[in-house]
Amino acid sequence: MSKILEVKDLSLHYLTRFGQKVHAVTDVSFTMNQGEILGIAGESGCGKSTLVNGLMGLFIPPLYPTGGDVLVSGESLMNRKPEDIRVNVLSQKVSMIPQGAFNALNPTRKIKDIAADVIAAHGSGQSVSKQKIYERLKERFDLFGMDTEHILNSYPIQLTAGERQRSVIGISTLLNPKVVIADEPTSALDVTTQKVVIKMIFELLERNIFSTMIFITHELPLLRHVAHNIAIMYAGEFVEYGTSTQVVHDPRHPYTKALMGAMLSADAGQKHRKPTTIEGAPPSLAKTMVGCRFAERCPSARPECKQKTQSMRMVGERLVRCDYAE
Amino acid sequence: MRFMKKVACGVFVLSFAFLMSCEKKEGGSIPRNETLWLAGSQWGDPNTFNPLVEPWLVAWPVNDRFNLMYEPLIAYNSLTGANEPMLGTLISHDTEKIVVEMQPEAEWSDGKKVTSTDVKFIYELGRRFSHPVFSGFGEFISEITVDTVNAKELVTFVVNKEDRNNPLAILDMLQAIRIAPAHVFEQYLADNDNDFNKTKDIKCDKDPVVSGPYTLIDYNNERIILKRRDDYWGNKVLYDGKLPVPKYIVHPIYKNNDNFAVNLQKGNLDASMNYIPRIDEKRKEGVSTWYNAPPYYVPGSIHFLYLNNTKAPLSDKNFRRAVAAAIDYAAISRRALSNYAPEMKPGLIMHSGLEKKFYDEAEVVKHSVPLGDKEFAKKLLEQSGYKPVFDDKDVLKHTLDPSGNILQPISIKAPSGWSDWESIVKMVVEQLRSVGIDARTGFVDGGQYWTSLPSGDFDMIMRKPPIAVTASTPWSRFNAVLSSRNWVPASGGSNMYENEGRYNNPSDPSYNPRVEELLKAIPLIVDQDSLKAAYVELNNIFLEDQPVIPVCHLPEEYYQFSTKVWVGWPTEKSPFAPPQLPWVGVGRNTLWRLELAGK
Amino acid sequence: MLKLLRNLIKEPMFVIGSFLFLTTILAGLLGPSLYTAHPDAIDSYVQPFKQYELESGKHIKYWLGTDDLGKDYVALLLRGLQNSLYVGFMAGIIATTIGTLVGLFAGFKGGIIDDVLTMFTNLFIVIPSFVVLVLVSASWPEGRSLTLIAILIGLTTWPWTARSVRAQAASLRGRDHISLARINGATNLQIIFKHILPYLASYVFMVFIMQVASGILSESAISMIGLGPVGEGSTSLGVILNIAKDQGALTDKKWWGIFPAAGVITVMVFALYLLNNSMEGVFNPRLRK
Amino acid sequence: MLKKYPTVRYISQRAIWYFLTFLIALSLNFFLPRFGSDPVDTMMAQAAGGLSLEKAKEMEEGLRLSYGLIVVDKQGNIVRDTVIKIDTVVVRDTIFTTVKESVADSLGNALVNERREIESIVLRETLIERPEAVARKASVVSQLFNYIRQVFKGDLGKSFENGKPVSEIILQALPWTLALQFPAILLGWIFGNSLGALAAYKRGVFDKALFPFALLMSSVPFFVFGMALVYFFGIIWEFFPVAGGVDKSLLSPNFFEFISSAAYHYVLPFFSIFLILAGGQAIGMRSMGIYELGTDYIKYAKWLGLKETRVLAYLFRNAMLPQLTGLALSIGQMVGGALITEMIFSYPGLGFAMLNAITSNDYPVIQGVTLLITTSVLLANFTVDILIALLDPRVKASLSMDSK
Amino acid sequence: MQNDIIFSAKNISKYFGHGKKRVCAVNDVSFDIADGEIVSIVGGSGCGKSVLAKIMLGLYSPNQGSFLYKGKQITNTLDHWSEVQSVFQDPFGCFNQFFSIRTQLKDAFGILKNKLSKQEVDRRVDEALLAVNVKPADIEGKYPFELSGGQMQRMLLARIFALKPKVLIADEPTSMVDACVRANILDYLMKLKDELGMTIIFVTHDIGLAYYVSDRIFIMHEAKIVEAGKPEEVTQNPQNPHTVRLLEDIPDINREWIKK
């Protein structure tokens, strides 16, 4: 088991158009080994998407790294030229499956052309014949058990939502990336399609197209089935980080507890269980914050929580950002 | 995408190559030092060069009185008043008949002689095909007879005593109607089943059969090019065997007033006949005119303000006279006309040129109101019972008529966009209002202008009657302004194409039959004293009644030339030809006298 | 809203644009009362197209010279500015009103009404408005007034507004707040004016600005070819240019007859474009990044 | 049959729509000039000076006939209706006294030898009925149908000014206009859009410098820019000719001579259209580009590490499609503005022909030119519609879905 | 019993378009909904559940079959809406950005047949706000864009608390909010039923949520109701394969969902 991805105290901020500094990610650290699937969960606006850009080394203004480091296979992504990142990192080392597959595909290009563009962008320089590229694509897309010819030769608008999502997955993993980041790949889909897509990702894992994945969603139950480890993110910080069983079945951080309490299912016995709810909204990331960021909404908050900045500590074999968690 | 890129690249490369090739090449252009560039007659696209087509449709130099390709029997010299020979020589003219002798040497470019057959052909077209343009034949000429004396043909035009009885008009025709080759057009007619309209559709632009010193070699929308005919019969007969100097004459077609001035100053154009403002400023660029000082040009026509004589208050003679007195003619010339109009004298007879002999200053002063005399105008208005009403800011509100009713504002029409007339009207309005006449500008679209003129739908309107300086001036001017021959009421759906102001209604008690009598009589008067007496009498009636207001005397045609390439132009100091471009009437004589500059 | 306005004020394009435009408006409104020379007053003693005149070494009589008749160009420019603005605003108001009403109605109603109105709108878009303007102006029987020109421009340019407003209104039609208003019992008029128009207000305003600019441009173009307004006091900037060009100002190197008026038109239009673009940047969040 | 080929079906639908629009434009073109004065009246007033009333009437009838304003039977003879006109004629009887005066004697033989003075005037009114054969005026509708028929025959009438068939005038002017406007608009569009896309993509200094400049360019009226070019490059520095399409002194030039002279005259008018158009297009493309930049597919393309040129190509291609629609819609405006440029440069194209026709109230030419402009704008729109259907898979897909 | 039937649908169908383009959204559906029930309509996207909800709301009328509200056809939509109200999916899109929340809550009273006095309206708005745990002072003078998504969704519910309609049609009110807000909303739906005895039609694609709140569940698939019954029956003992599929596809933490 080798370390594929190491994130050390990564902090990111971006500037709004009027110069406001937003600290979207603060002190995020984790390590991923070959073959590991990490789930990151959190409410919308918690900094998940900014983190994704940071993990890919895409510090395109107005996004700037505040501090920390990201290492992929031991190579740092910090302070590198965008062109270097583009040629050496993207699609090959770190790749991304975005949410909303419909909008992610260039509407005026056929799937095969978009895929060919990816190959061309990371080619060794000499041009490969169209025929060869097509064969390579066909081989890869055949893995998904779909009408490959139809998909490759279609424009995105001619495909169904599921086909599009699968095309995106196919394109993103075309160059066998070391790490795949899946950013809410299923959140716009209904439950049935969601399952199909997840199955497909697992198919790729099984075939060793890629082996390491970060899966971002706000559906904790889904992570329970997909991820080995789960990190809960709140207001730009990881608040709990542990194995999926630990986090889902035995949450320790008050926020994770609240999230789990709010989950409902069709299981017997769940009927008329009062779900927990969290009042209030996450704090604005544009302000400098003192103390626990969840303190305002925490049901078990103590007066000192608002002053004392919390840091991650081991609680029951997982990391929790709460001094009072047990 | 790639395809688009290729197209874009291709287009860029091509256009770049295209632009790189932009050097001025002399190659196929005609040599400047053999070419005379003249402009100002042809403004639109040339369409046809058929001499039988209506003059307003045919292209230069077949239209108007241009004698370069087709020639008339005689040519009128507006400087001397002489009728100079062209295809014929004027032998005699009296009140009964006009006799012209054909030039025996005159021949067409195809070698055939120009004979009386050609003359009769063109003059009888009007009768033969009821053609409106050549229609004068019946009204003015009762008969054309030919006698051969000593192998010379004498053509006699008999005045139609029964109809118009006007030998002056026949003289005008002789120099206006160019003779076309009868044998050519009879053939065309025969080819077209004698259908005159079909014959008119022939453009006559390829090797036309002409009698004049130049012939058409090329034309398009940009210019018309004529080339000298070295075997022109007239060189020997009329010009002591000399050739006209320029080998080519080019008429560039400028559709924009701007282009004339620029090209004259750059030396691209040798002479033009259009209006160019502030000509004195261009003098340093080698542009000259007949006179070196104002008015620069030779006046030849009068621009009028026509008044609707049938509509109150303009039906009141005194009101009209007040209007004439109120206008500041000098200011108009200075501000609106670049000083091209000489000092204004009242009446229909000009105090310059050949008409001067009919001008009687004492009579004019006696009968006319003083011009530009606002006090006089005010007094006259007051005496006639008109009363201006001013508001508290001393701005004229309206005018009251003698019975105390408010007069409708008097609108002065002019076609919008004719900037010199617009300027004149603006100034007249200002001046009339200052004496208490409620006048307004009424600029209308050109179409509206031309429609309201003959129908009489106006209060006052700017007008230049289409009168050329010919043997018949100033009679033709009096006739155009005063004739009640075809009088019809205004705005009744009937049009008048002369005397549009509807002066002298024959069925009105105030009708003055003397006007018509004199208009009929003058063309028949031979004795110069009697003629002057008649003109003075008619002019006095005009001055007393003031049916229209003469506003300024301007040249009939402008004539400015550049000395950058060609010199030897006629001017005040060297008046060997009239102040016209070397294509009109006897003005073409200039062509034999031009020299290259710097030689 | 306030925040958007505050952002707008921070926008340099907006500041420059509004400064330029307010300057032209103020010049048009106050100019004639500050600069009292009458635009139609003819100085019969100066040369035609006098470049400028210094009197007694100090007092400048003609800042920008005179025209061919001896009229003061500054006074003419102020009058022209006033008239061009009048035509621009009038045309803008007419086009925006008609366009907004047609667009709102078509976009809100949908269905067959939308189809018919859209077809009608497209018809008028593809028939070049310049051509219609030329045809009508050229054949208008009585003197063309400023108002007539403005109305003609307004009547030929409304389809642009209608088209864009329709698209916006149609996208709003399906929004939930319209459905909510409906089940709140709001009438169609209430929905249009309370629940659609406010959303389009900034957009309509931007379109209005563009219509004013295009009105000014169209007027100057039509005047330039000699089909502009006629009659006392209706001198517009295009008319000044037309007269100056007819009188040979361009070819006689009398630049003061052409370029000040041309410059004023350009500055006005530029200012309006700046305003429009800066507002688009602020009101359209996609461009904000 | 057509269902199988949705694109063909779409194109034929558009063709029908444009044809209907054309008919409406044709009617507008017919009716608008008739707001004003009767063209024949105008011609008569200009040409009939000095004619007798009978001749004038004959001429007027001839003109009306040639403009289809009166009804003709199958043999081509004018259909006449007999109208009884009742005129009130005031007959004046004058009683003269003869006065012998010296003035009379001096007037020569032709005049009566005595002058008579009016003693009194007696007025008598008489009613006269006179039958008159009046040419039957064609109704507006039949005129319209006649006009449409003529237009489809290619007969646009004759110029008032020189009797030249309008179609001939247009055919002579059209190549110049096409040669000027087509490349200027096309290249201006391509150049402007490329700059705009680049500015949107690069932002930064390039954008900051380009944007205000492009905005300024797009706010300069065509004719103002044209005049500035004429003034500086034609008159002050005399680099280029200020008027015309080709050297007027060329006599039967060979191809190269003609082209080089034409190119020399082409520079200023071309750039005056090209630069302004490019400015406007750059502004439009820039905001389209910025909009597209925010879209997910561009983000995704960047995440995938596509080459910068490729991302730019995505951007250009997709932002171009709405720009293409914009081009189609605004081509009428552009052509209108560009026609004025021709007037400034006295370029022998349609715009200049129209200006001259306007100044001389030559309605058939005005109508002919405006009709041609409208037609070509419609054709351009139609072409762009087809182009979009071919270029944009979204439109294509929606077409085939519609036909399902 | 007959009087207690709120909605009665007999073989209703609704389709859009004509000829070959015709799309059937609701196909031959029949059901009765009794007073005071919470009925969930569950199905995947495009199954026709939203169209059915709109028919109930009177925004569409069926092309075929009879659809009765309280035994009568819906003729006057304004009358209908005074008793049948709705909350929508997107809480942000539901409010007009240009008016304050309070104003818009008050505007809602326009639909009621008996006009209330100003004081009465104010009182009921305050009451409704308290019912959804919002202090009236907190939203005083606030505009929609100043609130978070969760708060906005509560405002929509406050509107219902204020109007007190007989029937509420909630069309996917939870699909665009985070998990914790979702629970909140369901709570209020229960509260509406419990406290005001409202009949609630709850449209969702998540059978888990339906199970949690409903008295009855309709499973829709391809424009038809394929299964209907009590939540326990439907979830514990599904008869239709589509129901089974819907249940299986939900990732439940306590159940095997996918092979790793």
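A, B, C, D and E are the chain letters, set down in written order, and residue numbers restart from 1 in every chain.
Keep in mind that, in the parts below, a residue touches a chain if its C-beta (ideal position, glycine included) is under 8 Å from a C-beta of that chain, and two chains touch if they have at least 3 such contacts.
All values derive from a computational prediction rather than experimental measurement.
The chains touching chain B as well as chain D are C.
No other two chains have as many C-beta pairs in contact as B-D. Rounded to whole angstrom, the centroid-to-centroid distance between chain A and chain E, based on C-alpha atoms, equals 33 Å. The distance from the centre of chain B to the centre of chain E, with each centre set as the mean of the Cα atoms, comes to 89 Å.
Chain C and chain D have Cα centroids separated by 23 Å. Distance between chain centres (mean CA atoms), chain A to chain D: 61 Å. Within chain B, residues 258-259, 262, 417, 445, 447-448 each touch two or more of the remaining chains. Across the assembly, chain E contributes no residue in contact with two or more other chains. Residue positions of chain C touching 2 or more other chains: 138-141, 226, 245, 250-251, 289. Residues 175-177, 179-186, 194-195, 198-199 of chain C are the ones that touch chain E when the two sit in their complex. Residue ranges of chain B in contact with chain D, taken from their complex: 1, 8, 11-12, 15, 18-19, 21-25, 27-30, 32, 35, 43-48, 53-54, 56-59, 95, 130, 132, 135, 139, 165, 217-218, 220-223, 225, 250, 252, 254-256, 258-259, 262, 417, 445-448, 450-451, 453-455, 465-466, 480, 486, 488, 495, 497-498, 506-507, 509, 511, 513, 517, 521, 524-527, 529-530, 533-534, 537. The part of chain D that touches chain A in the complex is made up of residues 295-297, 299-308, 310, 314, 317-318, 321, 391-394, 396-398.
Chain contact summary for the complex, chain E toward chain C: residues 57, 59, 78, 81-82, 85-86, 88-90, 93-99, 107-108, 110-111.
For chain C in complex with chain B, the touching residues are 40, 42, 44, 48-49, 68-70, 138-144, 226, 230-232, 243, 245-248, 250-252.
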